[in-house]
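One structure, pasted below without further comment.
Should a chain be cited, it is by its letter among A, B and C, assigned in written order, with residues numbered from 1 in that chain.
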Amino acid sequence: MFPAPIEKSTSSVQTAYKVALPVALLLWLLPLIAIFLTSIRPAVDINTGNVFGIPSEFNLIENYSAVFQQTDAWRYMVNTLIITLPTMIISVGLACLTGYALAIYKFKSALPIFFVFVAGNFVPFQILMLPVIDLSNRLDIYNTVPGLVMFHAAFQTGFCTLFMRNFMKALPFELIESARIEGVGEFRIFWHLVLPLVRPAIAALAVLIFTFIWNDFFWATVMIQDDASLPITVGVRSLNGEFVQQWQLISAASLLAAVPPVIMFFLMQKHFIAGLTLGATKG
Amino acid sequence: MVFIDPDIGSTFSLFEESGFFNWEENLMYKSLIRATTAVSAAALLATSAWASDLVVTYDDLNPAPKKAFETVIEAFKKANPDINVTTNITDREAHKSAIRNALLNDAPDVITWYPGNRMGPFVDAGLFMDISDLWGSDPNLSDKFNAIKATMTRDGKQWGVPYSFYQWGVYYRKDIFDKLSLSEPKTWADMLGACDKMTAAGVTPFTIGTKYLWTAAGVFDYLNLRTNGYEVHNDLTAGKIKYTDPRIRATFAKWGELLERCAPIKNHATMSWQDAIAPFAKGDAAMYVMGNFSVAAYKDAGLKDEQIDFFQFPEITPGLARAEEAPADAFFIPAKAKNVENAKKFMAFIATPKIQGDWNKAIGQLPPNSAAEVNKDDKFIVEGMQTLSTASGLAQFYDRDAPAAMAKAGMEGFQKFMLDPSTLEEVLTNLDKVQAEVY
Amino acid sequence: MTASGQPISQYDTSMPRVVSGAVLLVVALLVMLSIDVSWVAETFGFQKRVDARVPTFFIRMVFLIAVLAGAFISFTSLSYYKRNRVMLAPWLFLSIGLAFFLIYVIIPIFQSISYSFTKWNGLYDVTGTWTGEWVGFYNYRLLLEDPNFYTSLANNLLWLILFMLAIPIGLGIALFLNQTVTGIRIYKSMFFFPFVISQVVVGLIFSWAYNPEFGLLSEIWGWFFCEQKLNIVGNLTTSCSIDPPSILGEAKYATYGIIAAGLWPQIAYCMILYLTGLNNVSPDQVEAGRLDGAKGWKMLRHVILPQLRPATFIAIVVTVIGALRSFDMIATMTQGGPFGSTNVLAYYMFDQAVGEGVGRYGYGSSIATVLFFIMLIYISYFLWRMYQDEKTEH
């Protein structure tokens, strides 16, 4: 283990470490803590510049309910969810298929096709923006939730394929081979043998895609103008214009927007980190 | 049945048993529905020969303008009981990009948009309908809209009907002026003198928020209109005058003076126009070059009617005919509109003095129809009407008169100059370059 | 029946299935293509054509699925398929995902590149005809003379360089946290926290922190340089001997301010990569290193870092991509301002193409193309590395 385990150090070093930990965390999360404190203050504290002091009143419930009452925050949340969930299902579902094809079958174009997915996954969004707008227009789904979902699902299929293919590559190939010899069909092998084995990968992808799409701002800005279909990221930014200088409300709304991915992260931490760090340990 | 291929057998039987062949039945059923609806639609059309349609798209969801618009629609319905009116009210920002699609694929019969150069791309692409005939024949449009007709004109034809406009000028804290015994400045020297007094008393003369750039364009427009007049404004925004022209340099020289002696608040580059109201409301700053829509926001910020007032931007070049900024909102008929006759009826309707007067009373703005009545109880409206009706020319606004790409670069240049006046040369040469490319 | 007892039809084309699949395919395809928004609006009584778009889409989707099912049934019933199952099956698995990806991601790249040779404001005329014109390399010549383009390019470079700080800082925090004291897992999660929050929210948090009037920074500044005074109308106002810096309002600080905000989640990401990497460092080698007398910096340099190479590689990749994709933060914090000084290619492209009323599709596309080719360098490097790995694995 590196660095040397702290238990082996002198007790004074150990104490220093135990003190340093919370201090470092406090500094690291300072912006977040300050914004949380702001979100429970009354307006008067903002104007008098009371940032770190004890709030003159605790307006936790008032401010957060004001966000829901005065704005469409709730609808934005629901919109985000109906953008996020279908995207998650479609892209992970398709990636199971493509990943399987690219990992299990040995054919000449497997690697080039895999590289197409990988490369596409890294391109800057701006190079896709105008043609995707044009395409959505032609499909009559520009400025609608399905229009955004279609793009997200297609784009995320790239990332999910990269992930799935590498994950499936590590499966015991002999298992599949022997199933084939026994005459089990290709689709059956996929369904009954491989899918159960890649369940952890599916879970990891699901949380990752959930977070990516929930936090997406660019595509939502580009693809949706209709206030009724806006997701929370764009909604929160437009609140910034609506709540002029009412930072207690802007902070409350911002923190609310962050809640679902945070919950997702804490519930599925293991999968989340496994997903993000794929490739960080081998290769 | 025999499973031929075990792995897809289940998939296949699933289709067969759950009625794969019923699909065709379903399809027949569908086409049956389709046929019947076609018939009933035809029948509907036949009966509605006398009850025709009108679809209107309006772009303001804010409660007061929305309600005012709905009132107008009700009045129109009453006047034309045979027209079946559908309205579609959208968010203003969303409308700015949605209109591109709407004009092509989903054209209503009447739609809101901005006059001046903003209507240019749509006029040029043939997406708006030429309504010069209406402007020629309608008693109101042909006679009572002279001040604003120029901004509705492109290629010698008229393309829309304005329903509202508003004045720009200087809004100020009357209580602060009184405390310093200042009066409304009439000339440039008055203005600079007043600023010196304010600065000495620890008051910042102007508030402004330039984060979204356009506020700076308002100041530039006024300096330019007062220094050089209406023609130069139009020639500049039409790309006929360079930014390095001595006349434009003179405008910037005045702006330099303004920045030096009438310094705006610090940090204006991080503020929106609403953010900039805070120092005004607090009493840290005393003047604001703004449009009349801002009055409501001052009152929301806690200022009373008697604390605020309005004066016309002071004279710079003595004897120069006074032109004003007066951005208008208008209705247009898309080239793909289905009910053109009704749309024209609607256009004529909203041009009448009664409707123009009532509508603008409701939204606190000014009617472009010179015969319409204004709200006499609102001092800002009264002053605004007086300001605009006596003006020698009406400018739309820098970012509506100049093409969008030019306007963007121009306003960035203005902001850069405001933050650091020593960059003037760099700004002007760059704007010339952009100008050469845009027009 | 054959001698082995298998049904003889094993490799026969099953005609009824092929035919019924094909019929389904053709019929569903025809229906799908014939359905349009106006018809749906009429049939289902939508007042506005716009409202009929989503239902139309779903109806079309249902028929698209029927088309695919028809194709699938037909194709898998062919004896040709059955004979070459192992060869053809991967293409069946790939077909939908690949087609989807090609349509929405790969083909648009080439379309964008082709737009970059046009002058177009994004409009079609009444007849649906494209209103642009071909202008060859005109847009690229404009780019070369556009100071905003150079500003954006320089800022992109700045982002790339400064974003790399996330890697050593992330490693530092990972080393700091790589202990087994009680509660360390919670600390690790909390340190990772900023990555989970959307960039828009991070942008808003930092906009507020930087606000010179009442933000976090001005507050701390105020302890040293400012006092409260009464102004002319008797309201409290702050006056400072030295004004607090307006980080987002001054061209010379603004980009650094945004990058600092962007680094916050990026450091968290690099940290988690290194924590995972450190977990897998071989204890034997560490012990061996210790026996050789290596410790501290020497140990890190010669024993640990080589083992962390995969983590470093991924960290570099995600950091480069993150730096070049920086858009959300800029859109939230400055919109490219003041006067375009915080533009990067990604934001400048957006602003030129679909920013308020600007509509320079051709010019925007040329900016996007430049950005794409910059990114392509990294993509090629990444693919080359992957290719090397693949080769050694087989």
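In this section, contacts are C-beta pairs under 8 Å (C-beta built on N, C-alpha and C of every residue); 3 or more make two chains touch, one makes a residue touch a chain.
Model, not experiment: these values are computed from the prediction.
**Student:** Which chains, taken as a pair, are joined by the highest number of C-beta contacts?
**Tutor:** The chain pair with the largest number of C-beta contacts is A-C.
**Student:** State which chain is most central when centres are taken as means of Cα atoms.
**Tutor:** C
**Student:** Can you check how far apart subunit A and subunit B are, centre to centre, with Cα atoms defining each centre and the answer in Å?
**Tutor:** Chain centres of subunit A and subunit B, defined by C-alpha means, are spaced 38 Å apart.
**Student:** Report the inter-chain centroid distance for subunit B and subunit C in whole angstrom, where each centroid is the mean of the CA atoms.
**Tutor:** Spacing between the chain centres: roughly 35 Å.
**Student:** Counting only Cα atoms for the centres, state how far subunit A is from subunit C in Å.
**Tutor:** The separation of the two C-alpha centroids amounts to 11 Å.
**Student:** Can you pull out the residues of subunit C that are in contact with at least two other chains?
**Tutor:** As it turns out, subunit C has residues touching two or more other chains at 122, 354.
**Student:** Quick one: which residues in subunit A touch 2 or more of the other chains?
**Tutor:** 140, 185-187 - these are the residues of subunit A that touch more than one other chain.
**Student:** Touching two or more other chains, which residues of subunit B qualify?
**Tutor:** 5, 8, 11, 96-97, 278
**Student:** Which stretch or stretches of subunit C touch subunit A in the complex?
**Tutor:** Of all residues in subunit C, those touching subunit A are 36-37, 53-54, 56-58, 85-87, 89-94, 96-98, 100-101, 103-109, 111-113, 115, 122, 175-176, 178-181, 184, 187, 189-194, 196-201, 204-206, 208-209, 214-216, 218-219, 222, 236, 238, 264, 269, 272-273, 276-281, 283, 286, 295, 299-300, 303-304, 310-311, 313-315, 321, 324-325, 327-328, 331-332, 345-346, 349-350, 353-354, 361, 364-365, 367-369, 371-372, 375, 378-379, 382-383, 386-387, 389-390.
**Student:** What residues of subunit C sit close enough to touch subunit B in their complex?
**Tutor:** 7, 9-10, 12, 14, 17, 20, 23-24, 27-28, 31, 39, 42-43, 47-50, 66, 69, 72-73, 76-77, 82, 121-126, 128, 131, 142, 145, 147-148, 211-213, 231-235, 237, 243, 246, 248-251, 334-335, 337-340, 351-352, 354-360
**Student:** State the interface residues of subunit A toward subunit C in the complex, per the touch definition above.
**Tutor:** Residues of subunit A touching subunit C: 1-7, 17-18, 21, 24-25, 28-32, 34-35, 38, 46-49, 51-52, 94-95, 97-98, 100-102, 104-105, 107, 110-111, 113, 115-120, 122-135, 139-141, 144-146, 150-151, 153-155, 157-158, 161, 180, 185-187, 190, 211, 214-218, 221-222, 233-234, 236-237, 240, 247, 250-251, 254-255, 257-258, 261-262, 264-266, 269, 273, 276-277, 279-283.
**Student:** Looking at the complex, which residues from subunit A come into contact with subunit B?
**Tutor:** 137, 140, 142-143, 183-189, 225-227, 238, 241, 244-245
**Student:** What residues on subunit B touch subunit A, complex-wise?
**Tutor:** Touching subunit A from subunit B are residues 5-8, 11, 61, 90-91, 93-98, 101, 105, 272, 274-275, 277-278.
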